[in-house]
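Two complexes come next, and they have one chain in common, chain A, joined by chain B in the first and chain C in the second.
On to the complex of A and B.
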């Protein structure tokens, strides 16, 4: 790796003050720190740092997303050829399926990263900041929550909207109060509903004769049970958003996130508890077939797993206090199932419920902290303490 | 004839803009800007009401007892709004139906009351009219910009005349339905505020 260092050292003076391209300093800095750990240290004060900086956090999340990406890629191809020939077996033509999936997903990845990082670099440059790593994960999340047939120009607009309105307006990575990846999807959902819902979009270039409804859509239109078997839902070979279909792949990612401590187990667990609680409530009180669906089906259908593992745990937009995390996760689960079952306009409740709770997270934190202060004041007074 | 004080017209257009700087009159700006035509009609109505109300209040300013001034202002404004409403119903019935309740709500438009309180109560009639004209224009310019963008991208038309050619749609272009929803008006106003503040640092609070 010596030659990389030499190359960087050689061209570095061009980007310093007084060099040829001082205005490109942020860009250069981004690539330099991407390749090597920065040498600079803080000059004053005591700083305790562990080895986990933001770049490493982001890298681990990306690795956790890879299983979902792989199975998603294969699934795009498999679903496409299955719609042409319904007798096709899962492993009849592995390479053909994989190749078709790669051809479909690559442009989506390129657009997501190209547009998003372009905006990040431009803003960092304009504000004189260092380029932040935050978009590396968002750029991977966005393709995974898109339908495989999403038109690229719509994706471009959605990414621009999500990065500028969702993030840069508020000051960049770490300042956003809503998850940018979900914002991109929500934008597409409301702006171009025909490319984001219905039963046409979930299989790439679907043959017309094939039904291709996702389990969520089947339940929405009055089905009593999804026609996909539980096993298929767990392995992930069903129509749906690219990375959301496979429970196993997402679970692998979740395990990695939990072992490394990057994803918060309190949030993940409480999302499932919330979903189960709402599902059971519906089972008990509900009257139409959708409410009678066993609660664990909600975890398997649509983006529930994906949202719980990768979206709800986003450390920036989630609640920060421990008790707040339980409340935040629980309400996400409750709202997701509630929106799915009750609201006929929105088949997928996970996206909306996470965005809603993102907005409420600071409020939850506020009340948790406030309650703590009140409790301690009370205890202090019981012990005979005077006014605070 | 008094000298025309151009500042009274110019300032509300930029650095004292009622919508983007004082953030008044937002609700009508969100509600009527899905298309250009109602936005323009609404702007003209508000402009007429502000100018006339400013003139009338300014003429009476010395005789209005200050304890009941808000009631007097409201009576004057409601009279003018009813007149405007009747004129709209008579001449542009379709638009009047689209604007529905929002014409009546001009009575509660904060810009109108704000100008009456802040300017007309303490200035001469002619200056007050200019101030009304300026603020009306400041309101109108934002409404027209927002209405223009929303109609162009939301419906593909301008003043109900299709401007985006059919060949675009054939190539896969779609209208952006988020543009027609009220939240997008809020976001657009936010973007205008952002652009304005990054160009004019005096407006930033910190």
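On to the complex of A and C.
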């Protein structure tokens, strides 16, 4: 790979101060460090460092998202053709389904990455920083939580909003307090509700005669049980956001995140515990059919699973203390089920639940850390310390 | 009659180049005292270039307390006083005589001496500077007295020297040293040893001390972790500590009246051909240790101290004031093609995103030594990952929060979060595992310095 290195070394001066394109410095740096991990060495402190860096961390998350992307893509096509011909079998025309899905999802991916990374590069250059890898994950998450028919211009506005207002105004990746991908979805949800809710949007170019209601919508409008079978929910062939439908695909991603240790198991587990606890509470006290729904249905429907694995675990916006993580995850599960069952306006509660807890995560951490501070002050006073 | 204390968190990183049990005496052509090794000390010179000195002759004193003297390890001639930026004195170089001549500090029996006599003898001989104080890891004020004194009897850092070898045959000196320490405090003298590694009677049979056996992985050998388990530091407390090998030097002073700053040190690391032990004096030049004993294919980094906390020196550099290790590892100044995505069979990582990371899951006895280099392995970023520091910091402290408090320089918050209980070295493993490649030890060190300047010692 010597020639790549030589090429980079040759054109590098153009992008440095005094070169032809100094305003592209961050962009060049991003591509250079993409090809080669830089030769920077340790200057202070520990003389050697772990080989893991932010690029690899983010890449692992993207790899974990690939199964959901793949099944989501197929499902776009399958749901579309199913709505035209309700007798169609799952594997009747694999290539047609897949091709239709690819044609639908590619523009969404291109817009998400193109717009988002464009803003990231511009901000990095403006600040004189290296381009941060955070958006590589957000750029993949955003398409996966969109309905397949989302208008691209709306998506563009949502991405701009999420990246600038959700992240860059606070200082970029690591400084934001709300999950940018969810913020993009929340923006669309409130700004363009007709593209983000109702029975129409969850199947691409749905035939009008076909119902197309998601299990969540069925439950909210007073169904006794979702019409989709448990098996279909697990494999992922039902209407919904692109990446959220397949429990299996998301579970594969979760396994990768947990084995590598990139995703936090405490948060994942506690979200499910919280959801189950709230579901069981409803089972016990509730009176309408929705409250009587077995709690595990909540994990299978809508974005619960996707949110628990990929959104709640975002380390920047989650609680940062270990104890805080348990509380944070648990409350996400509780709130998600609570919003689903009790709130009459929104069928899905996961998005709002995670955003809500994003806002409260610093407060949770505050109390956890404060307990540590109180312990220390108490120990000091026991030894005769005064004042403060 | 010993306490067994288990420390659960932490990690032993096994690195290629552990020393074999062999002690040589190398040729040393020059010595240096480096004032920068002593935190918070501004040197005031007491000698000029070309002055003749004896072993134990004061070279400079500390500006903040003129009683604290820093003495020459050998007799010889002051060759040069090297200054760095802003004329800060970096090294005082001494060329040794062929026959050593010692200052005489008297052989008065310890039993007849009171605390003032002992303190004065230690200060005059320059051996007071071997004792350090927490918080801040500074040389203590002789007018004060600590709540207890820790004798550090093992090192848990990677490639650490084996204290069984360092202390061999020094039982009498160490015991005398302990008796000296007893004059300095009303509190206990804790001797901290490793449950697994310490076998030498030099430590295990000491009289009049509290023997604590620590079980666990690095940083279990750091005094901060030990103090937190034994008697946590509160605001206003002070705990003194001294290395067991240095305690033998103090013992020897009281036995013979001479300052013999001898240390056994280990030359270690994955670029050393024959890693082994050497007997030499403080501040020795490492030139003849490493000459012909290091591999030549790569650029090398020479470190006085451990690979986690030591200072970079040159191949002709000098051993630091508190170090008993010289580590030599590979400079990582290479480009790594697509290094962030390839499986990584050979890279060092504690994360399982690399296949080699799975090997680190093995119990510490079965871990295979790894090859390390100084590459940063990525660019600096804002903090993103959380929960990783907690795994390697066995203190009841929130590391990320404390680091951030140090960055913003909020001294009230730093105090509340426990800055008094830590030193920069405790965060070395956090720094290693940090995905954002932050220089955490420097941040903590600057935080501590800010505290010390604002609030005094």
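Throughout what follows, the second predicted complex is superposed on the first by the 369 of 388 C-alpha atoms of A that agree within 3 Å, B and C clash if a C-alpha of one lies under 4 Å from a C-alpha of the other, contacts with A are read in each partner's own complex, and residues count from 1 in each chain.
Note that in this section a contact is a pair of C-beta atoms (placed from the backbone, for glycine too) under 8 Å apart; a residue touches a chain by one contact, two chains touch by 3 or more.
Please read these numbers as outputs of a predicted model, since none were measured by experiment.
S.K.: Using the touch definition from the top, say if A:231 reaches chain B (first), chain C (second), both or neither.
M.R.: Touch status of A:231: no partner.
S.K.: One more residue to check, A:375. First (chain B), second (chain C), both or neither?
M.R.: Second partner only, chain C.
S.K.: Residues of chain A touched by chain B versus by chain C: which partner has the larger set?
M.R.: Result: the larger residue contact count on chain A belongs to C.
S.K.: Which of the two partners, first being chain B and second being chain C, lies in contact with A:154: first, second, both, or neither?
M.R.: After superposition on chain A, A:154 lies in contact with chain B alone.
S.K.: Which residues of chain A are in contact with chain B in one complex and with chain C in the other?
M.R.: No residue of chain A touches both chain B and chain C.
S.K.: In the complex of these two chains, what residues of chain A are touching chain B?
M.R.: Going through chain A, the ones touching chain B are 151, 153-154, 157, 165, 169, 187, 190-195.
S.K.: Please give the residue numbers of chain A that touch chain C in the complex, ascending.
M.R.: By the definition above, chain A touches chain C via 1, 4-5, 33, 35-57, 59-60, 130, 132-134, 171-175, 259-262, 264, 266, 315-316, 318, 320-322, 325, 365, 369, 372-373, 375-377, 379-380, 383, 385.
S.K.: Could you list, by residue number, the parts of chain B that touch chain A in their complex?
M.R.: These residues of chain B touch chain A: 172-174, 176-179, 181, 187, 190, 194.
S.K.: Enumerate the contact residues on chain C facing chain A in the complex.
M.R.: 232, 234-237, 301, 303, 307-310, 312, 327, 329, 331-341, 344, 347-354, 372-387, 390, 396-398, 400-401, 416-418, 424, 428-429, 431-437, 439-442
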